[in-house]
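Below are two complexes that have chain A in common, paired first with chain B and then with chain C.
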Partner chain A sequence: MRILLVDDEKEFVATLAERLELRGIDADWVTTGEAALAKAAERAYDLAILDVKMPGISGLKLEKLMAQRHPGMKFIFLTGHGSASDYHSGIAEDRVVDYLVKPVNIEALITKMQATLTS
Partner chain B sequence: MTVPAEIVGAEGLKFFGRISASISHEIRNALAVINEHAGLLEDMTLMAEKGMPLDAARLKRTAGAVLKQVQRVDGIVKTMNRFAHSVDEPLKRVDLAETLELVVRLFGRFAAVRQVTLAPESPLASVSVATRPFQLQNLIGLCLDHAMQSAGAGGTVKLSIAPLPDGGAEIRFGGLGVSALPETPLAGETFQALLGATRTEVAICAETGELGLRLPPKIACDAGGETGA
Partner chain C sequence: MALWAKFKPDFWERPEGQDWPFKHMFDFRRIWKRAVLLIAGVALVPLVIITAVDYNVTQKAIVSDVLLQTSRLVSNTKLSISFFLTGRAAALQFIVEDNGIAALKDPRRLAEILGHLKTAFGGFVDLGVVDSGGDQRYYAGPYALTGVNYRDQGWFQEVVGRGVYVSDVFLGFRNVPHIIIAIKHHLPDGTFFILRATLDTARFNELISNVAVRGQGDKFIINLNGQLQTPSSSHGQVFEKVGFPVPPYVDKTQVVEGLDAGGEPAIIGYSYIPESPFILMIVKRKATVMRDWLQTRSRLIGFLVISITGILVVILGVTTYLVNNLHLADQRRVMSLHQVEYANKLASIGRLSAGVAHEINNPLAIINEKAGLIKDLFSFKPDYAQDKRLLELIDGVIASVERCAVITRRLLGFARHMAVSVEPIAVRALIEDVLGFLRKEAEYRSIDVVVEVPDEVPTFVSDRGKLQQILLNLINNAFAALSDGGQLKVAARLAGSDALAIDVIDNGSGIAPEDLDRIFEPFFSTRTSSGGTGLGLSITYGLVQELGGTLRVQSQAGEGSTFTITLPLQMPQPKGDASANPAGGR
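Right, the complex of A and B next:
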């Protein structure tokens, strides 16, 4: 499994990637949508985990761009919103992308990653 | 027809909710970082139990990162606390520099998402006026929204305070593109109602687009009937 983590909280995304690596998951990380598009252009990923709210390209817009450019790539959103209803209010009705609310439980994240990849 | 007091009250609730949501988002982000570092410490402990040597330097860095996030949350909570207490007294003498710095801190996340830098002059002129603290913060917030939109991604909004001869002061928002007042949200009834509640006047420089809020040295108690928040 090769994944790309995208979040503007560098400390968060770098440490999460390190913990996933310890569990045998090949995880790269970047802190902007622009860097994510560049990274995905040079390396194939099975899954991208995206922060919803980021400066520049938002996670929602990034998911649409990456889905267009890399058909087959799967996505999970991470959100710092206070509740699931807050998150859903920001999602277009035609998009069905799974999500987790921060802070995340790493085992729950891995379970969700596996489920997303096999869906 | 909606009266100004109702508009000010409704806008005040909206402003309070927006700031509260932003702060909870910021706290969640800090908790997420702490969560990952705590998880990493647990991972290292589990590996040590299996015979892998503990990396002391890595442990020290991780502990330091947790402490940094705790300080971050402490700062966020202090800011939230100051903001929450701004509704304690409807009319109060406030230091404009402190008020402006508080609103800038509250808008830090909004500015980051818009990729705009908020740059208060250092040091800001210290002028105190008797005003409605919460409505003034709300008014400054609306102006910051306008200023950030005008400045655009990559732009800088320069903030300063200029004392006025009558003992009042002008809060200035610079670095904006030229935009006439009637074409902006600042011409709306909400903005006008907040101007009325704080007895503030707007000045826009036609050449630079710089926006100014002119506050009187004090507002009379009889203005009390106009606010609902």
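Right, the complex of A and C next:
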């Protein structure tokens, strides 16, 4: 599986990508929405993990753009805002989307990725 | 004081909101006092003035009526006496003119005239003719008085001087009280003679005793020396001197206020009877004649006292009722301002905690990933994979990050639930969530916290944010009441088919019985010295009501308290809920 990580926190996204790589997952990372669009134009990704709040193009907007350009691509959102539960659904751009709350447990993330890809 | 306790407004003993900047804006005691004084003044002053005026007018009217009556009685009696005397003097004058001295010298004729006088007038005792030398030359009557010389007697001098004379009542030679009427008649030869008649005093006394004086008054005649001439009921016997000075001469009837012989206040009417030495007197005891006035006065004062009491009762009742309501409305106003302030404060805390949590979450995520990477690197390299010590250290870092994450998520959750969010709620999770904020304090203070939620308690639909605030306030209160090592129990149970109850039970200091009725009132606090605003429980009470529930308390001083929240399983629809989301969106 090939995934793209998008988060304005470079330290976070680079480390997460490296950890996924260690687990045999092909993970690229970028820190802006614009870079993500460019990267997605270069390579085909199965899944994008997007930070909700980013300067420039927000995660929700980016998801919409990428979904238009790359049909079949799956998305998982990461957010710094969360409730007591680690995972919950919310409304974004009239669609139900799934969130994972930072800091994330790597195993939970991989499980979620697999579930999303097979859905 | 018992009466005051009835009228005392509810707010009298209560302190105004001590922590409120506008606490001096309204002084309800002053408002109450001013209202009572003003209304009482407006109502009572005219009443008192009118009553005082009426009192004076009525008193004057009654006094003047008594004076007038007395004056009339004295005048009428004076006329009767005067007529009695002048009638008899005129009769003597007629006898002299009609008969002439020659006829009067005849004893038989004189006796005959005396007989006629007795028949016609009554009261005549004898009749005598006295010559200018004072000798009684001719006499008709029961005594042997022919030849008696009167030259040296006062009456003789008087009649010689004045022509007509009416004597005082005196005893004279015969030693029986009598009056003399004498007239002087001039003869053509320049000499004169005097026709002298004696009257017994029975008719005279009868005249006086027949006078009807209202109110046990006394009526009598005195002479110019103040000696009684007729019997008196309370001023002594005939010839005794009355106990007050002889009134000064006036030619008209006089009525004055003075003291009677007994020294009591009296209305004294008197009149000098013309051509006589007599003064007619009527003395009425003031206390007796003014009895009517005293009755009227008692009624007037009674009416005034009853009216004033009635008016004061109404004024106190109405003022207390109105100012109580005013005070209540003001308390509500201040309370709602406080609630706004409190909500704003909570919203600020919510925003602040959300901001802090978010800011901390990002570095936490980095620490988490870095530590995760270190662990991954160690795990994936055989050299380090066996180093348990290293892996434990890394797990320790990751576990601490997870603990921090739980805290930031709870803060974020708290902020997020500030908004109105009616949702299904699991009671145990809710209680644990709130207790999470206080868990550390409980540990430090060795407070044993027990949560009891039986399985049959279902999830219920309500406002999570408000419930969190309610439980947080109650549990905070319980913590304040508990001493270190105490016990707090939060227990949920079903209360009927459509409600559940949550009991917050502590074994702390409890609430004094006199405070128990007032603890949900705004600004009532037993912890003012330690910063209590007295609003926590009243706001909690309001929040429970907003959720369609009730909040009750049971407490024993020294043994602990139980606060019971009863909530419907399905929260009623709030009316026009316009709550904003104070914590902001995602």
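Here is the rule we use: the second predicted complex is superposed on the first by the 109 of 119 C-alpha atoms of A that agree within 3 Å, B and C clash if a C-alpha of one lies under 4 Å from a C-alpha of the other, contacts with A are read in each partner's own complex, and residues count from 1 in each chain.
FYI, a contact is a pair of C-beta atoms (placed from the backbone, for glycine too) under 8 Å apart; a residue touches a chain by one contact, two chains touch by 3 or more.
Keep in mind that what you see is a predicted model, and the values were worked out from it rather than measured.
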Side-by-side fit of chain B and chain C on chain A, or clash: clash
Touched partner set for A:R19, first chain B, second chain C, both or neither: both
First, second, both or neither for A:E11, with chain B first and chain C second: both
Partner chain in contact with A:M54 - chain B first, chain C second, else both or neither: first
Touching partner for A:E34 - first (chain B), second (chain C), both, neither: neither
Chain B versus chain C as contact partner of A:P103, first or second or both or neither: both
Which of chain B and chain C A:G80 touches, first, second, both or neither: both
Colliding stretch - chain C into chain B, listed as 183-191, 345-353, 453-461 or 471-479: 345-353
Chain B and chain C contact sites that coincide on chain A, given as residue numbers: 9, 11-12, 15-16, 18-19, 22, 80-82, 86, 101-104, 106
Chain B residues touching chain A - in the complex, by the definition given at the top: 21, 24-26, 28-29, 31-37, 39-40, 43, 47, 65, 69, 112-115, 153
List of chain A residues in touch with chain B within their complex: 8-9, 11-12, 15-16, 18-19, 22, 53-56, 80-82, 86, 101-104, 106
Residues of chain C touching chain A in the complex: 354, 357-358, 361-362, 364-370, 372-373, 376-377, 380, 401-402, 405-406, 409-410, 412-413, 416, 433, 586
Chain C-touching residues of chain A, taken from the complex the two chains share: 9, 11-12, 15-16, 18-19, 22-23, 52, 79-84, 86, 90, 101-106
